[in-house]
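Chain IDs A, B and C follow the sequence of writing; residue 1 opens each chain.
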Amino acid sequence: MFVQIEDLVYQYRNASEPAIKNFSLQLNEGEIIAILGESGSGKSTILRLLAGLETPKSGMIIINGQKMVDDHTFIPPEKRGIGMVFQDYALFPHMTVENNIKFGLRHMTSKQKQKRIEEMLELVNLLDYKKRYPYELSGGQQQRVALARALAPAPSLLLFDEPFSNLDASLQMKIRDELKQILKQTKSTSIFVTHDQVDAAALADRTVLIEKGVVKNISKVEPPKSYSLI
Amino acid sequence: MKLVQQVKTQINMWAILSFVFIVIILLPNILIAIHFFGEPNENWFHIKEYLLFDIFYNTSILLVSTGVATIIIGTSLAWMITVYKFPLRNFFRWGMILPLAIPPFIGAYTYQGMVNYTGFIQSTLRNSFDLQVNQKYFSMMSMEGTIFIFTMFLFPYVYVITKSFIENQSSSIIENARLLGANSFETFVRVVLPISKTAIVGSATIVMLEVINDYGVVKYYGIQTFITSIFQTWFAMGDRESAFKLAGTLMVVVIFILVIERVIRGRKQFSYSTTKIRPIQPKQLKGVKAWIAFSYCFTIFSLAFLIPFVQLIFWMLMTYERILTAEFYTLVKNSFFAASVAALIIVIVGLIIANYSRIHQGLLPKFFARVTVLGYSVPGAVIAIGVITIFLMIDRNLGSLFKLFSIDTTFVLRTSIVMLISAYVIRFLAVGYNSIEAGFEKVGTTFTEASRTLGLSTFRTFLKVDIPMVKGAIIGGFILVFVDILKELPLTMLLQPFNFQTLATRAFRYANDEMISEAASASLLIILISGICIFIFHKVLDRGEAN
Amino acid sequence: MKHLKVLIFSLFLSVLVLGLVGCNQASEEKPVEQEKTEETAEQATTEVEEAGVVNLYTTRHYDTDEELYKKFTEQSGIEVNVISGKDELVQRLKDEGEATEADIFITADAGNLARLKADGLTQAIESDVLTTNIPEKLRDDENHWFGLTKRARVIVYSKDRVDPSELSTYEALTEDAWKERVLIRSSENIYNQSLLASFIELNGEEASKDWAAGIVANMARTPEGGDTDQVKAVVAGEGDVAISNTYYVGRLLNSTDSEEVKVGEQVGVFFPNQDTTGTHINISGATVVKHAKNVDNAVKFIEFLTSVEAQELFAEGNNEYPVNPEAAISETLTSWGEFKEQDINLTILGDNNTRAIQLFNEVGWK
């Protein structure tokens, strides 16, 4: 198993009941998982726990053989090598597109960095926008920059928080397909959180239905015909 | 959660640094608390019997009257300038902040100098119109005069805070009130005032804390208040114990004010609507109404800035040849140096504490955030008492430490500028902190989280993301602190090291030695520098809102 | 690891800031003393002895004072460091005790000086220069403190409404003829306290209390403002006579503001009690601090201030009388003529201060 999550429990301060109860999930390398749930179901919290932005009450997370969290271990977010695309993208407004993508790159010569940036921009089809600032981009473009930024350091796991919620319906479908392509192309293991079943069905290999912090159902998505043709 | 984890996530450098700063801020207060409950001496009974009532009486009158007057002037101006267009309105928008550049004590002696027998008003009446006036009506040195001075030079606090609050409200609220049949005045009284309650009460509290803390005005006008009594008891009578007790009593008053503020505000905190739905579009006033609005604003602006400013220029022209010497340059340098070093430290400390309490939820960080505000509520003289006492202890211990290593040194922290700067930091940390905290609040935590998932530690995130993103708030905080320190009087007077005078202390000395026109040059310089800072601040603020 | 970096960074920053502050301090004020380290201690000490410093706490702050400090440094090579303040400096000196850096304390009012002596904060100085330059009456009987300038507390009257022949003594101002005509500042002020303290010595407590009560009864208004304000009120017609220190009238006459000069010209200065106890005088003076580290320099400095040359500038800076009889009196002061002074030891002013305050409170003098 590439990603192993076991019996994760999370409780907010001052809350009487845990927001996440004994959440377990396994992912294969390259798999795309959708976590589906109403708002307040705790689905975003799972992403935050995986990223290391929250500390679980108990449970264990192992990614690619490395223990991220258990009763004795807590690896801080910056050491986990997990990429995340935030709901509102969180692009640094004081940096250009190029610098946003460069932000996560380290242990590379500047030449290598430059090469990686070009690759990423090509991947998301934004080569001409290198020198722009985030506020000069459309919503869809911003999201692609956010994706490129998260992908650039080659994370072992990629997380998406409601990736399409800020986009127009028309744009949504187009971006969704692009995203799936990119994810498959880069063989990224990814988890995304959504409240939209259509999104989940279109993008994921498996969907996890979550209600009040408890897993209700895990189902495999049949590959749509259009995709299987490729 | 297991203990190891808890320790790992909770106790980090941010927490430790914040803790250290908080302890430093709390020390003077703890000291005062200890002495407050100590055995009273004979002098204290004398003070209690003969002075305390007067002090309470004067202080309450000053607080209530100044509070009410600044609220009336501040909110009416804020309302008028936000919803109407009239001649010079765009200038008044920031011009009304300018009175803050004039320290109240400078305003106080300027006005007295203007209305007294040899002042401009009476000499004009006498020389040009041969009019002798009854002196009774030409003195500022009374309770009424003191209230006038405080109101004129402190109302901008109410104005600025209320104005930016109203500006951030959606116009639909006001339009709705109009549709429901309310006229402008009714809208103001029944809708705008209640909505802005938190802003108004908050800013009026700042005004009251300033009044309580004032030394210059009440000393010059001869009004007995807590601060003058603390000075008198401590320095004229040499009774530190009773001074501590007065300081403690004053702290009770301060806490009382803060509690009242909480109660009036209700459970609501300042809430800025982050997304402006539709900002209020000012309505063009025409004819008489436009002139009334203009006259009102112009009158206030003249009284609170223009008239004293022009008077000071006249005095400066009379005396500058004698005053503007090389020594004067040193004063400017000292003022700049102390204010910028202290403001810099405050900004750094403020950033650290604000960042800590932002990243970590929980009671401790929240407590830290509250404590930073304490310094601003504690009057300068009280902080001075605490700081001196602490440095005396430090020096004594340092002395024995030096002796232990048989180092023969005469170095004492007390007479170095370290003591003064520490006191500034304690007193004004809240000003810088609030600005930075507000900046962080606007930005939220997502960017920090994004940076961390991209592999940057909290510290590097702090440098590369957090600081650049709240740059505006940092500059704003720096400027506010800088101006406050530039005008500061009691701390600087009590804690000055050798050869260290500031523009403010020099201006006060001249005025207090009954050499008013000689005080003009230093005063004007304070006003000019502060004025420029306020202008920059206004620009930074406007840009921040535009983004 | 990262946390450690934060710590190191913050420490570095604070050290940097403190260091900057310290250096600035050191280089500006006491370049030699503060940079002393073990290795250079010896060398530094000799430097101190050669050039040296003198540290001054002063409650006087006139522009001419600074000129004099500079002149002293030019002549002697001794650097003058100054903290100028008010009453709080006395407390500061007390708090600092042995650790004080102050060598000299200069303050207006002999009462303050006497109290410093009583608190054991001063030391006796043997100096022939000082004993020659300063009349015996104007220095401490054990030479703990020395007068530097002299001022008289006089009656200032309206030239229009008062004939000087109506004036005689301080006591006469309590007579019914002066009802609602007398102007004087608040009793909180040290000049009034010392005035009453001198009366207690000369006339006894009872008479002094009666005097204070009599003045309160004849006041033209509740006390308000400083001495200058009283003089202006005389010209404005609020009252006819004011009790004021001489130099305030001198300042008005020499003011750059023509309106103030006019005020000065419309009043006369009357030295009361010429046929009886004499006019009340007071001094501003200097004392060498008990725990002074640079006693020799301190003495040199005070000697310099009492020299004829310095006296003329020092006194003229505030329109005061020099203590050195050799020094010339300014033009304004000469025009007022000579006068008979109270013949009391100024130390008394300190002794009687508390009693004076109490008497003021008892008679309701604001």
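The working rule: contacts are C-beta pairs under 8 Å (C-beta built on N, C-alpha and C of every residue); 3 or more make two chains touch, one makes a residue touch a chain.
According to UniProt, the chain labels map to these proteins: A = Carnitine transport ATP-binding protein OpuCA; B = Iron(III) transport system permease protein; C = Iron(III) transport system substrate-binding protein.
Here the structure is a predicted model, which is why all the values come from computation and not from measurement.
*Asks:* Is the way these chains touch best called a line, a ring, a star, complete, or other?
*Replies:* Line.
*Asks:* Highest contact-pair count belongs to which two chains?
*Replies:* Looking at every pair of chains, the most contacts join B-C.
*Asks:* Compute the distance, rounded to whole Å, between the mean C-alpha positions of subunit B and subunit C.
*Replies:* So the centre of subunit B lies 33 Å away from the centre of subunit C.
*Asks:* Centroid of subunit A to centroid of subunit B, CA atoms only: how many Å?
*Replies:* Centre-to-centre distance between subunit A and subunit B: 47 Å.
*Asks:* With centres defined as the mean C-alpha position, give me the subunit A-subunit C separation in Å.
*Replies:* So the centroids are 77 Å from each other.
*Asks:* Going by the touch rule set out above, which residues of subunit B reach two or more other chains?
*Replies:* Only 457-458 qualify.
*Asks:* Taking the touch rule as given, give the residues of subunit A at its contact with subunit B in the complex, in rising order.
*Replies:* Those in contact with subunit B are residues 13, 51-53, 55, 57-58, 71-72, 74, 76-84, 86, 88, 90, 92-94, 103-104, 106, 149-150, 153, 159.
*Asks:* What residues of subunit B sit close enough to touch subunit C in their complex?
*Replies:* Residues 12-14, 16-17, 50, 112, 116-119, 122-123, 132, 135-136, 139, 141-142, 222, 231-232, 234-236, 238, 240, 318-319, 322-323, 325, 327, 337, 341, 344-345, 348, 352, 388, 392, 395-396, 399, 407-412, 414-418, 421, 457-459, 493-494, 496-501, 509, 513-515, 517 of subunit B touch subunit C in their complex.
*Asks:* Once bound in the complex, which stretches of subunit B touch subunit A?
*Replies:* 1-2, 4-5, 8-9, 361-362, 446-447, 449-458, 461, 464-465, 468-469, 471
*Asks:* Using the touch definition up top, name the residues of subunit C that touch subunit B in the complex.
*Replies:* Against subunit B, the touching part of subunit C is residues 2-7, 9-10, 13, 17-18, 20-22, 24-25, 28-30, 33-34, 36, 38, 41, 55, 61-63, 66, 81-88, 90-92, 94-96, 99, 101, 186, 188, 221, 223-229, 232-233, 235-238, 248, 251, 255-257, 259-260, 262-263, 293, 361.
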